[in-house]
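Both complexes shown next keep subunit A, but they swap its partner, so subunit B is in the first and subunit C is in the second.
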Partner chain A sequence: MLVDSLGALDARSRRHEVCVIGSGPAGATIAHALGQAGLSVLLLEAGEESWNEASQAVYEGDFYGGPPLLPMSVSRLRQFGGSSNHWGGWCRPLDPVDLDNKVDGIDAAWPIEPAELERWLEPALRILQLPEFPSPVEFGDSLRQVPFGYSPPVNFATLYGEDFRRSERVDLALGCYVTGFDVEAGRVVHARVRDRDGAERLVAARRFVLCAGGIENSRLLLWANRQSGGRLVPEPAALGRYWMEHPHFTLGHILLEDDFPFEFDSHGAVFIAPTAATIREHRILNCGLRIHPAKEGVARELVTQLACVAPALGEKVFRRLGKRLVCGLLLRASWEQPPRAHNRIVLSDRVDAFGIPRTDLHWYLDDFDRRTPQVAVELLAGELAARGIGRIRLDPWVEGAGGFPPDDEIGGNHHMGGTRMSDDPRRGVVDADCRVHGIGNLYIGGSSVFPSAGFANPTLTIVQLALRLSEHLAASLARDGEQHGTLRIETGRPA
Partner chain B sequence: MNNKKTSPSGPALAGRRRLLGVIAASGAPVVAAALPGAARAATVADPVATPSGPGPASHRASGGLIHREGWLLARSDR
Partner chain C sequence: MSLRRWLLGLLVLGMVGFVVLVVAAGLFLRQKNQVEGFGVRAEPLAMAIQPGGELRRAFASAASEAEGLGREPYEAAAAHLLEGFLAYRGDHRARAYYPGEPSGNGREVDAVEGFSRVFPFAAAWLGETNDIVETADGPVSLAEALRDGLVAGTDPAHPEYWGEAGEFDQRIVEASDIALGLWLARERLWPMLDEAQRARVLDWLREASRQQVHQGVWLLYPVLIERVVDSFGGSTGQSTMRVRTAYERFEMQYRGDGWYADVPKGFDYYNAWGMHYALFWIDQIDPQWDRERIRARLAEFAGFYKHLFGPHGVPLMGHSLCYRLAAPAPLLAASLVAPAEVSPGEAMRALDATWSYYVPRGAIDQGRVTQGVCADDPALLDGYSGPASCFWSLRSLIVAYHADRQQAMFEVQREPLPVERGDFSVHAQAPGWRVEGTRADAHVRLLIDANQDNASTPIRRSGWRESLKEWLMQAPRRPDNADALYRRPVYSTAEPLSACEIVR
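What follows is the complex of A and B.
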């Protein structure tokens, strides 16, 4: 049910089994799955039912580094359903190789096996209203065509809103901002919550799950840990660190001398990626090369340039152009960024309207961020040339002329890391069960637990991990003697 | 250089992007130019920081291509 204020809950003296903080894809999925399993859940959302300026202003922060990402008050949404309210719906599962270390010195390994994610792929696809993914198709020895899936996109406020309102198991409280945790003997006993009436209330539960987002999870834990004198995150070395985005840049164009052998998908794109063996052999990270038809006129300009360096080939393409065949393609890429400790979230000297420090986000691209797309695009160029399909012309920055272009897309608004998963508390904030190291009942959901990020858009993985965590929570409460039903995944979609 | 970004409104963001564009056009490595001292110090002091991995000089993947004025051409291209 929808509760007007936490004061009303106090009056009912109700203690929830699980308190979920944040109602985006991770939090809504966990609350819904646990409610379906018969557990009592309190779902706290800091924002309101819909967007409002005052709530959104809490997300303002300062960015250090470059090139600049979208402002943090624009790239995410503080409202019921979280950032799924402006999500584009692009999905792809991580590749098994994404969970491994690929390059010496780059700590990218997940403490779980790929099968742990694959188990939850099918139910996650149902929730996101996606068909099964076809298998990748090899393109030469080193590359493969990888399909993307496009969710309608699912908005989690729409998907589960009515269920939460009708539910006798899930209490949804909007306008409730978690500002701290009380810790006793290695367990969270209360979440400190600023209710929409301005009062601070204490919320008790057996388990707490922080799902506030890929930046807020770090910010809230950093602040709450400071307030608790370091008792909330006893091993804070990695807290806020190893933050990642998927760099998104234009690499150049492809000029076709023959028909393009791939069919564009429903979004007018073809995705090519290196194979796992190629990633290991060339010591790169994962990379999605995204190919679209180029704008009109681009091919003619490219032919003119090609004629200066390879006149016979230029003439061949020019004849093709004269037949009004497709000749020009735009080549973009998004790729895996090495998790770096210096890419991090720290607490600002500035505070929000509630007196909580804002976010300082430090994000830098380095030589390795250039190396991965360089290698991937050369492999594609070699394959296109060997097959007589076309040639690639690179934008100058790809070959090392100057920095990353600051006027490009830059990032995918994929906020990952900061509370990464690791068996080693010095290298991660949560363990393989997504439980905060050293705290018995505090868990984290969402992309902030990703130790590394592949190139796949993160929402599908977020939902897979949320379902996995739901199962763990239900099982751990059962071990504590709580009575509940079996975890069932209801999608709200007609069968 | 003060690269701190406050109140990132649309015009301010455009201004910063122009500023970074100037840096990029100058040929200075953006990372080195933009990395504030505090962040560099954090990197050095961090007990779990990872090394950078191989640099850009080793990026060549395909020996069969010729780089010419931005084009990746086959050796047989005329």
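What follows is the complex of A and C.
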């Protein structure tokens, strides 16, 4: 049910088994799944039912590095449902190779097997109202055409809001800003919560799951760890570090003949990616090349500047060859960034309205970030040329002339890493169960646990991991002797 | 009119039109590409108090003396260069307009370098007691001159204000020298500034330290600047975190054996006079920063690197060769922090050998460090180097002066270099460098593993093509000698990149 304040909960002396912090895709999925399994859950959301300026202002932070990402107060939302209130719905599962080390010296391996994610793919697709993904189609020896799925997009506040309101097991409290944790003997005993009335309250639970987002998870843990004298994250070496985005840039323009073998999807795009063998052979990371029609003005520019210098003549020539030019296609890419310890979230000297340090985000692209799309696009150009079906004009930066263009999309608002998963506490914050190393009952959900990023948009993986974590929490509480039912995944909306 | 005359007329008209077109295109290119102040060159000046000829003789006469040069030749070099600094500074405060080939950054940036690159050297020379520099116009207080420059350069209201550094701005590099000089002469200069002046100095440095920089050694400049600002109580948690990130990004370039890759070029002497030099100062300024790692790597690097030194100079290769006098800098630094690896006597012998080889061959003249390996040589000058860029050659002497404050370096008993002790062949895995020395002729060879199948490309001299391009573009156009500088299988002091004759 929706509770007006934590004070009201105190009055009911309700004891929750799990306290979930954050109501975005990860938190809402976990709260819902655990509620369905018969566990009592307190879902804390710092924002309100809908967007408001004062709440959103908490997300303001400073960015260091470049090229500049969208401001942190714009790229995410502090309200019920989190950033699912403004996401695009693009989904794709990680490739099995994404969970492995691809390049020597780049620590990208996940401590779980691909099958552990795969197991949760089907229920996650149902939640996101997606059909099954068809298998990739080979395009030459080194590339494959990969499908994307498009969620409506599901808004988790809409998806689960009514369920939560009606639920007797899930209590949803809005306007509750978690600002710290009390730790005793290696366990969190309380979350410190600033209620919307300004009072600080202590919330007890058997398990705590932090799902505040790909930036806030790090920020809150950094702050709470400082407050606890280092007892909350006893091994903080990786805390806030290995933060990642998917670089998003236009690589150039592409000219295809009309007998190209691609099928444009429902969003008018074609996605090409290197195969796992290619990734290993060329020592690159994963990369999604996206071909889609450019806007009219860009097409005209292309017609002027590329082979369509004289469109009529160009088409005439190609007609004689029995072919027709398809002009005006844009080649874009989003790719996997190497997880670097120096790309990180740190606490600012500035504080928010509640006195909590704001976020300083340090994010840099390096030479490797150029290498991955360079190699991928060279392979594509080679394949197109070998088949005689098209060619590519690359933007100068791709070939090394100048830096990354600062006026491009730059990132996908995919905030990943910071509390990465690793068996080694020196290289990760959580273990393979998403439990904070050295703390018995604090877990983390969301993309902040990704050790590496593939090129797939992260929401589907977030939901897969959330379901996996839900199962683990239910099982671990069962081992503790707590009553609960079987974990069932229901969406209320058929796929 | 006959057809022939018609055709002739048409031909002449066409030729005239072509010439007009070429001239117009040339003028357009000049206008579009012109580097600020490119055509304006300062006149070289002869030093009246410490003439260049005497200086060369001071180093040449002592070249073979195993007991070392002592202090006097270096003092003569300092007197010559500081006299030059004050002369080229003229009536200005924060800029010095040196003669020579301009950089692509423009005359005013070059003039800022004219101050900033002398500043740490002058600051190191000041020490506790030095001050007066003799010039043709009489004695000048160097401390006051440095103070005046510092105050003017950091004052937005002053016409010689250096300006706020932007991202990837050359001023970030210069700010690191200003910061280092300020730290070296902190006991002399800081008390000469009032509160407002101090605040402006720190503001200017802070601004430079927060800018985005290129990869490579550039990543260390904000760290050095910010640590100096911190030493004056002017840093914040945010600024420290920011440069800590820069430092971690720099760490990615570490390749082992004390070697950092100089992105994007590879391995060269920048590891010595760029990377380890900056790291040494960061450690000196803030011993808490990363002492153990910085010192261990410097020691490891210097233990191998010292083999490159001999009485015939060093087998130079790579870029920024006009910093050649700075080559012994990491050995002097190591003698201070890792004397078991490089003794002060060995480091000073390397300094003597290097300076007594290159200075008599024209490395210092007309009150400045010349733009080449020996004398001026545009073929070996990088496009980013201007008239005062090569003052980074003085980095070895800066470290020597700094070390001299802790022990009398110039008087220390010199110890023979590896090549003066016997034949050797040593290898460093990380850069893929083998260094061989032969005691009999005292020559040193650098063999680069990756280049062993390459031909030995000669240096391409600067010629009419470059002159024409420079005239057209009004910007520096120097020959591309990357193959000769990086891809030869062997670099040897017996066959140096540039033939070096002693200047009489």
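Quick note on the criterion: the second predicted complex is superposed on the first by the 459 of 495 C-alpha atoms of A that agree within 3 Å, B and C clash if a C-alpha of one lies under 4 Å from a C-alpha of the other, contacts with A are read in each partner's own complex, and residues count from 1 in each chain.
One rule holds for everything that comes next: contacts are C-beta pairs under 8 Å (C-beta built on N, C-alpha and C of every residue); 3 or more make two chains touch, one makes a residue touch a chain.
Keep in mind that what you see is a predicted model, and the values were worked out from it rather than measured.
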Comparison of subunit B and subunit C by subunit A residues contacted: B
First (subunit B), second (subunit C), both or neither touched by A:Gly65: both
First, second, both or neither for A:Glu45, with subunit B first and subunit C second: neither
Which superposed partner A:Asp98 touches (first subunit B, second subunit C, both, neither): neither
First, second, both or neither for A:Ile392, with subunit B first and subunit C second: first
Which superposed partner A:Asp349 touches (first subunit B, second subunit C, both, neither): second
Contacts of A:Ala238 with subunit B and subunit C, given as first, second, both or neither: first
A:Val375 touches, of subunit B and subunit C: first, second, both or neither? first
Partner chain in contact with A:Asp407 - subunit B first, subunit C second, else both or neither: first
Common interface residues of subunit A - those touching subunit B in one complex and subunit C in the other: 62, 64-66, 340-342, 344, 362, 364, 366-367
Residue ranges of subunit B touching subunit A (in the complex, touch as defined): 3-8, 13, 16-17, 20-21, 23-25, 27-31, 33-36, 39-40, 42-43, 46-56, 58-62, 64-65, 67-74, 77-78
Contact footprint of subunit A on subunit C as seen in their complex: 167, 212, 215, 236-238, 241-242, 245, 248-249, 252, 263-264
Footprint of subunit B on subunit A - complex, ascending: 60, 62-68, 71, 73-74, 103-107, 237-238, 241, 252, 282-283, 305-306, 308-313, 338-342, 344, 362, 364-368, 370-371, 374-379, 381-382, 385-386, 391-397, 399-407, 426-427
Complex contacts: residues of subunit A adjacent to subunit C: 62, 64-66, 340-342, 344, 346-350, 360, 362, 364, 366-367
